[in-house]
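Have a look at these structures, which come just after this line.
Below, subunit A partners subunit B and then partners subunit C, in two separate complexes.
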Partner chain A sequence: MLRYVLRRLAISVVTVVGLVLVTFIVVRILPGDAAAARLGPEASQADVDALRTQLGLDDSLPRQLLDYTTGLLKGDLGPAVSTGRPVSDELFDRLPATIELAFAGLVIALLIGFPWGLLAAARPGRVGDVSGRLFAVLGSSMAPIWLGLLLIFGFYSTWHLFPGPVGRLAIGTPPPPEVTGTYVLDSLLAGDFGLAWQSIRYLALPALTLGLGASAAVFKMVRSAVLHTSESGFVRTARAYGVPGREVLLRDQLRNAMLQVLTAIGLVFGFLLGGNIIVERLFNWPGMGRVAYDALGSNDLGLLQGYALIIGTLYILLNLAVDLVYGVIDPRVRLGGSNS
Partner chain B sequence: MSRLVVENLGIATAAGNRILDDVSFDIAPGEIVGLVGESGSGKSMTSYAVMGILPRGVHQTSGRILVDGQDVTDVERRSVACHFAMIFQNPRDSLNPLMRVGEQVARMVALHQGVSRRDARVQAVELLEQVRIAQPAEAARKYPHQLSGGMCQRIMIAMALACRPRLLLADEPTTALDVTVQSQILDLMVELTEQIQCGVLLVTHDLGVVAETCDRVNVLNHGNLVEHGPAMDLLHHPQHEYTRYLLDSARELEVDGRA
Partner chain C sequence: MSTANTSANTSADAGATAGSGTRGWPAALLHRPFLLVGVTIVGILLVLGLVGPFLVDDPSARVAEPFLAPSGAHWFGTDSFGRDIFARCVNAIWLDLAIGVSVAVLAMLIGSAIGVIAGYLGGLVDDVIMRCVDILMAFPGFVLAMILLVSIGESLPKLAIALAIAQVAPFVRLVRAKVLSERELDYVAAARVSGARWPRVAFRHLLPNSIRPAAVQLTLVCGYSILNVSGLAYLGVGIHPPTAEWGVMVSEGAANMLTGQWWTAFFPGLLIAITVMALHFIGDDLGGDRA
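On to the complex of A and B.
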């Protein structure tokens, strides 16, 4: 197991290095001048040149890469030219909001997709299966922006069940004292249940928008992975020996299907973290996706580079976590080596 | 112990393709009865039907299954109700890859004998010893991928014994194993079932295995029973054309193998 863990860690480190290189190079290749963008169209060429020198944009590429990576090691992602603040501050301030939203979306996706997928696999072709497949087609073909608008229209404008798309809390409400940066958790830690409830209500619609789409993916994966095991020899053995159906489903089929399901959950969570720019924009959710959206508008490539780097790193960490959980579940991974 | 009678068994797919037609045979306590035929002749499906685990999309169209004269055709989870046990062609695939093998045997002990988990674990180790696994306590803690095919088939036999079986259905139990291991597993199966006077339905395409172990044989061709009788008579004086054909092709293989 230790060797497995070390190998996975090494692979992750190599991937992060690759990610740093790719984001660095892509941003340098893209057209657009950060200095000119920051100073605006009125600026004189002399001012732009001075700023270019100050930002180090005139240095050779290897020199810039060296400066960038030494900065990275100190946690410095460079300045965000559009706002003047450090890129790391811009993004890390917003990271908890993004994680809170993505995690809530994942919880919703799992609560809906997981049991439904299991039910569908237990009785294929029956009501639970057919309705689930219909739901999956709808869920995966509906664009988040459309679904989000529908939810706002229904639950806010028409029925007034949930608050409007104004962010994480009602305008003017002070946030809870910061511990984790996620409002629901921080309010609970501060013992303020009213504020926690408010945070949940503001979180509900954007999380539902993300979660409904993702639950379709979870449903499909759980269904197909569990269904796939029903043809395997060990399930036939369990059935032959009269093991009760529910036990076969949970202890034999689901446990073996979990390897595939975990991979899918990792992918879905990664998608929720990085793919919610539109949802954050729609609900005025002050997450990293909003920062990236604004950075795109103001041609702030350094900020975009930082965004890509952080999302990519989160994704790599997520995959590492999934790989490590594999080791816990599957003795073939943990103990290595097959006898066959 | 008990006598199994299969009467006029018919099996078909949902699309209406017939797999088995009007097949009847019986197995006396302690008797080993062979069911031979080429692939696709319906021999495995026959054993699944007896066990009550026909795959999805395949169903029984006619016939009865009787244990000591009692009709069990509609009994579900027949393994528990009638003490049927079954072993399969690919022993490693037949075991749950994520569960320790001792745990898998113990699970059957608990299920079939209604004892506590703790007692079941103790009994599981005893069963592993009974199927001649050296250091059974240690082997019980292994996962299927850590064991050889022959060892996995021994685990399966231990699992079968955990049911206190009155009938063992062996579906090509040695086909996937090395030749040297094949006879060990067959011998073990014959010896243990003789001890407890358990009838065996041995499904195989290997006439050598039949000659070695079976008391009586049924020959299946395209879902029809074409010939049956005592093993030695049938192998030496086949009456039906198809049986002769099977025997000839087996001999050819043998000659090829030696050449």
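On to the complex of A and C.
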């Protein structure tokens, strides 16, 4: 087990180092000038030069990389030129909002995709299977922004069931005292159930937008993972012994398919964390994606670089966590060791 | 990673199943309703995209009052400038399909070349390439394309390149997985014995036999790219107004959704959904995921 953990850790560290290099290369080495991009086409050459010096862009590349990585080790992602605050503050302040939204999206995706995928795999080719596959294709064919707009039009503009796209709470409502930074949890911790309900109502539509698309992915992966196990010997044997189909499905097949299902959950959560920049803009959700959107508008490459780095690192950590849980729940992985 | 291996394997298996059932074209199509629907929709779009622009109004002309609801005169209504939305949608078909196809083909060319090299040479080369692929996959494709595009500057070819780089990783994995099993076969040994050097063995012999799983991925990536273009347009990157492009039109119409003029964003978004769905049907069927 120790060897397995160390191996996974080493791979993750290498990937994170690569991530740092890639974001660095993309922002500093590719043709394009961060200072000129920031100041726009009308800036004078003198202004651009001054900003270049201030940002350290005149130093040699190895020197810049060294400065950047030593800063990173201290948790310093550099200054955000457009706001004057450190990049790390800009992004980490917004992390709870992003995590709350992504988590809610994941819950919705699992609630829809998991049981449906199981049903489809239990009776392939039947109504539940065919409808699920149509739903999956439909869910992955809609542009997130379009789906969000449809939900807003239906549930807000037409039926007034949910609040409009103005953020995490009604305008002017004070947020709950900060403990975790997620409004639903914090208001529950403060004992304010009214506020918790309001946060959930504001969370509903953006989470649904994310979750519907992601549920298609969950459905597909659960279905194929469980279907795959129905060809294996242990399922045939269990059936031959007369074990009822439902029991085989839930006890044997699901358990053996858990690895793939877990991977699916990890992938989907990572996708939700990084992919919600559009949904955050559409619903005015003040998360990291919203910061990245503002950075796009003001051409703040340093802030974008920080965003990409944090999203990438979260994604790698998530995959690492999934791989480690594999090792815990499946002895084949733990003992096999060398399945690259 | 174990994840990638499983997904690559299933796709490779799937490619084999699809290949076994090659009967006459029309008859086979009738037994494959999803493929039939997908091909029909794409066919209609292609024809409409070719002929349509000559039959409808100028996409940038103000032909009527702003915000007319859909009617016999303006099938999809008019937008905030009084432009005909149907005319704009029809004119956008060609652009959207062209971007989707060029991104997919570009990603496949780059990805399969790298995949063949990694799989055939193995060893250190393979390790380095696969670690790079891991890094690429650590970004959500959309975020990677966005950052690339911002730093290399915007233009149509650069948009295609940025989106293609973001989609290269799955092609590398699929082709490499196939090459790993393919390189043990006799014809590879025969080629090597006959004195061919490694680039020739890899690209002339292995690549054509290992590209099938990647070809299946092609239609799916084409669809993702159309979706990504629309997402980028909403963030103000890539294609900008007043270009007639579905994603741009959805973004322009986003604000109207709250004020009741739903048709400005609804129809272009519907066309995106239908197109991507058709591509999915084709891809899923070729991948052996048949009803």
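In the analysis below, the second predicted complex is superposed on the first by the 317 of 340 C-alpha atoms of A that agree within 3 Å, B and C clash if a C-alpha of one lies under 4 Å from a C-alpha of the other, contacts with A are read in each partner's own complex, and residues count from 1 in each chain.
Note that a contact is a pair of C-beta atoms (placed from the backbone, for glycine too) under 8 Å apart; a residue touches a chain by one contact, two chains touch by 3 or more.
The shown structure was predicted, so the numbers you read here are calculated from the model rather than taken from an experiment.
Student: Could you look at A:R201 and tell me whether it touches subunit B, subunit C, both or neither (first, second, both, neither)?
Tutor: Touch status of A:R201: no partner.
Student: Which partner does A:V27 reach: the first (subunit B), the second (subunit C), both, or neither?
Tutor: Second partner only.
Student: Could you say whether A:R52 touches subunit B, subunit C, both of them, or neither, answering first, second, both or neither?
Tutor: After superposing on A, A:R52 lies clear of both subunit B and subunit C.
Student: Check the contacts made with subunit A and report whether subunit B or subunit C touches more of its residues.
Tutor: Answer, by number of touched residues of subunit A: C.
Student: Same subunit A residues contacting subunit B and subunit C, which ones?
Tutor: 339-340
Student: Using the touch definition up top, name the residues of subunit C that touch subunit A in the complex.
Tutor: Result: residues 1-3, 5-6, 10, 131-132, 134-136, 138-140, 142-144, 146-148, 150-153, 223, 227, 230-231, 234-237, 247, 250-251, 253-254, 257-258, 260, 262, 265-266, 269-270, 272-274, 276-277, 280-281, 284, 289, 291 of subunit C touch subunit A.
Student: Give every residue of subunit A touching subunit C within the complex, in rising order.
Tutor: 11, 14-15, 18-19, 22-23, 26-27, 30-32, 37, 125, 130, 133, 137-138, 140-146, 149-150, 152-153, 156-157, 164-165, 224, 228, 259-260, 263, 267, 270-271, 274-275, 277-278, 281-282, 292-293, 296-297, 299, 301, 304-305, 307-308, 311-313, 315-316, 319, 323, 326, 333, 339-340
Student: With touch defined as at the start, can you tell me which subunit B residues reach subunit A in the complex?
Tutor: Residues 51, 53, 55-56, 77-81, 85-86, 88, 90, 92-99, 107-108, 111-112, 143, 145-149, 156, 159, 163.
Student: Enumerate the contact residues on subunit A facing subunit B in the complex.
Tutor: Contact set of subunit A toward subunit B: 124, 230-234, 236-244, 251-252, 255-256, 329-332, 335, 337-340.
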